[in-house]
Amino acid sequence: DRITVAVAANFLTTARDISAAYSAETGHEVALVHGSTGKLFAQIVAGAPFDLFLSADAARPARLAESGRLADGLPPRTYAIGRLSLVHGDKTEPGTLEEILSRPDLRIAVADPAVAPYGGAARDVLRTFRQDGWDRGLLRGESVGQAFAFVATGNADAGLVALAQALTFDREIWAMEVPETLHEPILQDAVLLKRAGDNDAARAFLDFLGRPIATEIMAAAGYRIPP
Amino acid sequence: MTLWGPIWLTLQLAGLTMVLLLALATPIAWWLANTRARIKPAIEALTALPLVLPPTVLGFYLLILMSPESPVGAFWVTLTGEALTFSFSGLVFASIFYSLPFAVQPLQTAFQSIGRGMMEAAATLGASRWDAFRSVALPLARRGVLTAAVLSFAHTVGEFGVVLMVGGNIPGRTRVISIEIYSAVETLDYRTAHVLSGGLLVFSFVVLTLVYVMNRRGVRAGV
Amino acid sequence: MSDQLEFDISLRFAGFELEAAAEVPLNGITALSGPSGSGKTTLLRAIAGLEPQAQGHVRFAGEDWNGLAPEARGVGYVFQDARLFPHLDVAGNLDYGARRRGTPRGLVDAVIDALDLGPLLHRAPATLSGGETRRVALGRALASGPRILLMDEPLTGLDRARKSRLMPYIARAVAGFGVPALYVTHSAVEIGFLADRTLSIAEGKLQGWSGAGPRLLGQVTDAVPGQVCLAIGRRAVWLQGHGEVGEIWALPLGQDYLAASEPPGLCNAALTIEALVMQAEHGTGTCDLDVEGQQISIGWHREDGVLPEPGARLWLSLPRLLARPIQVNREAYESNLT
Amino acid sequence: MTLWGPIWLTLQLAGLTMVLLLALATPIAWWLANTRARIKPAIEALTALPLVLPPTVLGFYLLILMSPESPVGAFWVTLTGEALTFSFSGLVFASIFYSLPFAVQPLQTAFQSIGRGMMEAAATLGASRWDAFRSVALPLARRGVLTAAVLSFAHTVGEFGVVLMVGGNIPGRTRVISIEIYSAVETLDYRTAHVLSGGLLVFSFVVLTLVYVMNRRGVRAGV
Amino acid sequence: MSDQLEFDISLRFAGFELEAAAEVPLNGITALSGPSGSGKTTLLRAIAGLEPQAQGHVRFAGEDWNGLAPEARGVGYVFQDARLFPHLDVAGNLDYGARRRGTPRGLVDAVIDALDLGPLLHRAPATLSGGETRRVALGRALASGPRILLMDEPLTGLDRARKSRLMPYIARAVAGFGVPALYVTHSAVEIGFLADRTLSIAEGKLQGWSGAGPRLLGQVTDAVPGQVCLAIGRRAVWLQGHGEVGEIWALPLGQDYLAASEPPGLCNAALTIEALVMQAEHGTGTCDLDVEGQQISIGWHREDGVLPEPGARLWLSLPRLLARPIQVNREAYESNLT
């Protein structure tokens, strides 16, 4: 069988590894469709032929549940918890988290808080270290991917991005983990969509996300696994 | 990751869009170039409108318009049996809509500079309107046709906001090369992005240069 | 009547109004003449169907042309401003109408020949000289095998030698194929040589007809390549042109002949011929003459108003001779082409 | 959320881009229309190339090109004291680059249809090349100029991929209306999206119609 | 020499080569004449600087024109195909060169007057008739106040009445302002009337000079509006035209006069004048005459080769009179304008 999984862009590389493992085990084919969470949501509402939706937040899966677009009896389920990291353009020790974030002259890239969950988390962190004008000199990318690109191309001094990105980036970059206590948790929820109600392969994939083989991949990629 | 799928799909999409767009835009541009109707300026403005909306937003509205729950989408379903959204047909439809200004406007510019005299001469030589259009107006407007073709082809190759929204980025069905490059950038796979972008640029450059060289040949031969 | 072009056209531009009604016989060449801006081109365009705003009617040989598309009228139009197709070479321009109207290849070749277009066939219109452009425009209309020729100053801008070669050719095409022509020109020479009748126009109104200018008819009694011998009564005159024995030709007096009451003696005229005054009218300033048995009528305008007496003899001295066929053996002509 | 900032910024950006683009594209198009240089087809192809890359990707490369670490970006910093990226100047720069084809190609089409005769006539009447260009070629190409202006203005209003990438979406400095609409769609705030899109469409329609009406007036007066 | 236009130009197209070197006096009107496609337009263009590929040199009154941009040469060019600016109305077209060269308003108004352009001033070129277009093109060049006029068939396509009004006007502009003109034409009438000398060209090669056609000079002894009285020796002739007493006018014989050994008696000629044969040459077919004390030379071509004897008398009968000023009071002329 072949299933189509809509996946938030920041989780795409990890999802590729997981679906490879899933296919190897079950023989089912997985087609990954990626995009920003907002776009994928709009497409699902418009009847996109997706079986599963791996969102980057919890809000949109909840909206889908409210409007009755999920397969019966399967509420949204958190498959991973995103972790934030601070990246910096200088490869030598640039300072502690507080030192870097409280410097007003640094240009810090984040994902647009209005659009992306990692952006919201980054906002929480910045508010902690900067009492007023937390968004001074802030650069907003459409997604964490763009925020990361700002740093990687040398246009931003630092960025609050996904830990997963810092780990997968194929060049060396200075990065440090941001304590999770500094922001609301970035819950990433998965849902089974209505059209896949009786698609066993899709259900199996959802279960597979909780199996150790998948959770190990996620953990290695920089996500925390929900209890 | 096999790239031939997206590349092939992109060429198909851009080629088909270009051809259909020329077929659609030519009568519109001809009409606009020759009419004295009062509403002409409004129609001219309309043909430029798809440009002012951000592609994703345009895609969003096209998604609503084309969804099987809307009259247009439903009509398409009864016609063909499949939904317009998330299909290749839907992509073509959306691309045509989005690139319409790039086809209509250069064609209109070209048609307007021909002048009525040539068409009159053709008529007195026994050519019907349609014949004269084909044998006189079109060849004389060839530079405009070329511009329209190049702009709409290239724009379809490069645009992905609309395509991503309407097509849903489904491998083998609606995933085009621009989305592939976009994904590479998004997932920090910059090396792939460089390779793909470089390839696309070189390929496009070669194709366009050939097109323009051939265009020049044509002019020299005076045909 | 079915063998005429009838029209009654009115058309208005800001500051100009055309009101023209006439019946033009569908044979020979009808000149349309009038000052610049008098509406000649506009009238021709309306007849060809190129002025959709024109009111009134056009009827060709009994066929109603109202509402008929220009391409269906079968006219051959020589535009005042040539209007060659810039994307086609000369051959392409000539073939354009020929192909669409199914003109036999022989006719196209004959046109190319007569207009000397051979060396230009593969040239782009943009590289042609002014006169070459006009020749191609004329050729294109002729090659389209029209039912009527509408020619807007087709020979303007051509040198005298070329003109004297082309005028007989046009005359031959009209006489040989029976294709009538409406011919706009400012040139008295062209009117004198080509026109069987002249329609005058001024400020958008037709001013009436005048017949052919004074001319003598003759029969070709002998012909060698490039020359024919015309018998006019007892006189035989050799002149340039291509023709066949038996054809009827006209020898227009032209504008600049001298009519004098005394014989010129030794002079530089190309031809001097004697005439007898039949009648002379003060009012109109015309003089009816008998020349070798033919009645012709010439204008006679002197400041002092003195006219020759009836019965007096006049000598007509023509500075140059230009003649054209007006009646030819059509079958022979056509078989020559194919 | 105050919208006047983004709206004003959009108008400024699109207007400035249009003006600069016309200033830049006109000489290029004029040269292309008149040159017989061998490399002309290659240059023509080049002017169409910015189109084939997806906007975001183009933005990514512009980001690299314009970053203070690159020669171009560094030069700009020494020149003006501030970085090119994430500034209004950077947006203008990027928009010009991205919309170049829409300005060059219609202008070239229009210039090519003028023909040398008019320029020669102007020269014999004492007009220098530049004078003749201004007083004869430009007015005769006005339809092409209009098309170039409309396409580049509208495209700058609607495009946000490049703008978002190069501008960094900084409120008051680089956040334009298209990003605002995009965010509304992304955050499921569809009501705001509808209002903004509707407003943008109506506004653009009115402006464009006025432009075309005025264009027609001009033609009628024969000026 | 400084008062002449010297050129030595070579230029090659596929299938055509121009090789032309001459020295043209910078006074009066020099006609350039030759068959269609012989290179007249090309030569004019090269002189104006419009053919960048032309090899060789052009020198105007001692001034080197090589490499000089066309706009700096100060020529007034009347293009064979008019080339009015379609985006400007007639007034705008006339002003275009006038404004750039700083022509006094008075001259522009005089041009408008003479060419009857008043009613057309606010018309778009696309709505003009063929003849109107040519008049505007001519006016535009005249109004630009040039140092030399290069005119490519400027009167082609105009009716005879208009032409006979414009030719004297051109003659007057040339004589009055001392602006020399190089004048391409096919028309023998125009050459006869306007040309002070003629340069012939054929197949891209200059064929040499010929002087003005035979003409009689006279002095204006009386003038009323629209008519002048010219004294030619003992003869006084009234003819149409505007002039002032004291001016020198030329009366060309034209092409179609009759020279006869006997007086015509009562005839339709506009003027008959007696001449004495001084000399007649078989070789060249010319006849030198003394007419009212002026020596002129006419061509004499008869098939039979018979020439009049020296000492014989000839009567020259002119079918029409067209005369033009060749020497006028320049100050009076200019003060009239401003």
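Going in written order, the chains are labelled A, B, C, D and E, and every chain counts its residues from 1.
Rule of thumb we're sticking to: a residue touches a chain if its C-beta (ideal position, glycine included) is under 8 Å from a C-beta of that chain, and two chains touch if they have at least 3 such contacts.
The model shown is predicted, which means the values in this text are computed figures rather than measured ones.
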Between chain C and chain D, the fewest steps along chains that touch one another: 2
Neighbouring chains shared between chain A and chain B, ordered by label: D
Whole-Å gap between the CA centroids of chain A and chain D: 36
Inter-centroid spacing, chain C versus chain A (mean Cα positions, whole Å): 89
Inter-chain centre distance, chain B versus chain C - centres from mean C-alpha coordinates, in Å: 54
Contacts with 2+ other chains: residues of chain C: 81
Of all residues in chain A, the ones touching two or more other chains: 39, 42, 146, 149
Multi-partner residues of chain B (each touching 2 or more other chains): 56, 60, 185
Chain-to-chain touches, reported pairwise for every pair that qualifies: A-B, A-D, B-C, B-D, C-E, D-E
Residues of chain B touching chain C in the complex: 117-118, 120-129, 131-132, 135-136, 139-140, 142, 222-223
Residues of chain C touching chain E in the complex: 13, 15, 33-37, 40-42, 80-81, 119, 123, 127, 129-132, 135, 152-153, 156-163, 186-188, 254-269, 298-302, 306, 308, 317, 319-320
Residues of chain D defined as touching chain B within the complex: 40-42, 44-46, 48-49, 51-58, 60-61, 101-102, 105-106, 108-110, 112-113, 143-144, 147, 150-151, 154-155, 157-161, 178-179, 181-182, 185, 193, 197, 200-201, 204-205, 208-213, 215-216
Chain B-touching residues of chain A, taken from the complex the two chains share: 4, 9, 12-13, 31-35, 39, 42-43, 46-50, 143, 145-146, 148-149, 152, 165, 168-170
Complex interface listing, chain B residues touching chain A: 56, 60, 63-64, 67-69, 83, 85-86, 164-165, 168-172, 183, 185-191
